[in-house]
């Protein structure tokens, strides 16, 4: 990147509907109910999740694009959202196996899935995951 | 109501998170998958539902209120939302027993629950139920 | 209107910030507190109100417009919103004098103000007034 | 429909981005500028339109559905939205030829396109078209 | 925190309705009107404020939670929102005494109230305060 | 700024409707269509853009304001939005001449226009530009 090339962030929002049960399988149902309350209801419950993916890069001089946002959209829908939409997060998603599907753990796992997919010159800088319109989780990856 | 008493509609929005599986128990899993697609995934999926309750009446001359909206809020939260929030609609909700939990059937069942609760002089006129921000279901009850 | 002229509804949303105290001046402070709760706090409280004005008419064959929405916007802002924005509804608004400023009474009073302002061929059909994003009041005027 | 079959409304929102110029080709540029103001700028301008399609019917006893909303979505996207998205409404849309592309004329034209597409037992009852988040147009079709 | 423990941000939105008058008590009414315009109207005006509270921490390995968001919600509602909702910010809120209730001063004062309440391992990193849907104030605290 | 003066961010959202065609004039129409797809449709298309302007500073002790937000609003509307609203970005906007009007290039150009306008003590820290409700572009300027 030349010293004068501007760094621009590009953000796209995605949507998926899923169910989950927040519980720790090494605990009793009683302890799960005590710690997690209604979120640990054995039959589960669900959300319409919104996922915002923010990447950064320099606009290409010939296109004015950091990344073709239509390409970014297809990439994330085909590789990530298709694994989550209309699924049960405790049982149906390979990349969540063995993790308590809290939104904290979910956002870290989604980061690990998206990061290796991005083309050269485009960096994943932030994920935002809304569990409800009022509850949001934010992740910037791990600092080296 | 005197001929000149204005009729005003009062609306309040509620929120609940639930999971469901849209399927017909008298069909095979194959036929359910064919008709309902991913909505019939056996482990279910979930939504953040928004429910708008619209009632009508005449403002009381001493209060200017059709109904105390704080009262309406508590009534619907305690009697209706508490039965739906963080639940699985196929198994956990008494008033949905024996019904396929499509949003069409859910909105009709919620109407039947709310209507008898309202105080005299206040009429239930419309329910709106958002399954996602882009899918909404509307019901006005049955005409006599 | 010819039998085949389509009737189209045109809606515009407006915004104003105001304060009010819901109370009945013929009652004691105690009775006001008992009936209206925190809405009757003597120092008042406030809201960002949203007002949706819906009018109906037939698109003019030479313009395709029921009404020039820029004209409707200026008309409502200059004649109505300017009287309400950054005001105290109990004391500062001439057309509310003597009325308890519940949203029910406010929406009826706004209707009375807007209706005579509209040009011929354009009918006021609905007002929607949001007191908060979750509380809305709707009025269609009085049937003859 | 049996007397006791409930009538439920199903609504789905669609999105398209388009440009238009509001002008009357039988007028001079000066008269267009005078009547339509900046909306008649010769190089045009654009909007992110939101279109809400509301249909009505009776839930089918075997599915609980008035209409499969995934089917409704594909139908409207393939037959209507594909003709409007990323287009210039004055020149690129066959079903708008010869009409001033005001939102009033656009909503009536969209109604005429959607109505014949719907399956038996499902009735188009309302369209809502947002030109901006604050300007909306509503149409219920023509009464016989 | 181990070098590999991910840092996740958890955000929750709150709502309160309040009134205020922006004015400097050491100035004349004329100077207040000149500087603050309609915001200094002596009878005050009001807003529906939205407050977003963003905290950071490491998900606990046994729960997957940075903080139980239901606990965070109760804590902020009971200790902060209850002091602000349905109040007049100039006269009714102890922690604002002696401050001009601009949103800038309000957000700094709310930060000072929330920071000491948070449990160990959970850090307050950002507040966002919307005065209207289009005006927002953001604060990250003071750097040491 | 004294060491203890708090730094507060003030954000205001603006709206404009514009059309554009994303294409590289040094390429053939075929290559433009191949690279940009429907965004390069020769007749153009349009959007309702939302622009969020975020500035930072220290609240003035006599007013409690970082900047009078009504002043900021007029400044940006008169100097920036008036050049963009109801315009074609490829042909009508002087400060975009010679640039491909991708949102990446647009946000950098808007930054260059706003930065010199701000009063002393107020710093431009972030722009957010929504092309649609789901696509957003973010810029923080160039680091020295």
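Order of writing sets the labels: A, B, C, D, E and F. Residues in every chain begin at 1.
What we mean here is this: contacts are C-beta pairs under 8 Å (C-beta built on N, C-alpha and C of every residue); 3 or more make two chains touch, one makes a residue touch a chain.
Note that this is a predicted model, so its numbers are computed, not measured.
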**Fill in**
Neighbour overlap between chain A and chain E returns F
**Fill in**
Dup interface of A-E (contact pairs over half shared, numbering-based), picked from C-E, E-F or A-B, is E-F
**Complete:** Whole-Å distance, C-alpha centre of chain B to that of chain F, is 42
**Request:** Compute the distance, rounded to whole Å, between the mean C-alpha positions of chain B and chain E.
**Result:** 34
**Fill in**
Whole-angstrom distance, CA centroid of chain B to CA centroid of chain C, is 28
**Message:** Going by the contact rule already set, what residues in chain C reach two or more other chains?
**Reply:** 133
**Message:** Show me, using the given definition of touch, all chain pairs that touch one another.
**Reply:** A-B, A-E, A-F, B-C, B-D, C-D, C-E, D-F, E-F
**Item:** Touching residues (chain side chain E, partner chain A) in the complex
**Value:** 4, 6-13, 54, 59, 62-66, 68-70
**Request:** Enumerate the contact residues on chain C facing chain B in the complex.
**Result:** 22, 24, 35-37, 99-102, 104-105, 107-108, 133-142
**Prompt:** Which positions of chain F touch chain D when the two form their complex?
**Reply:** 15, 17-20, 38-39, 41, 43-48, 85-88, 91-92, 132-133
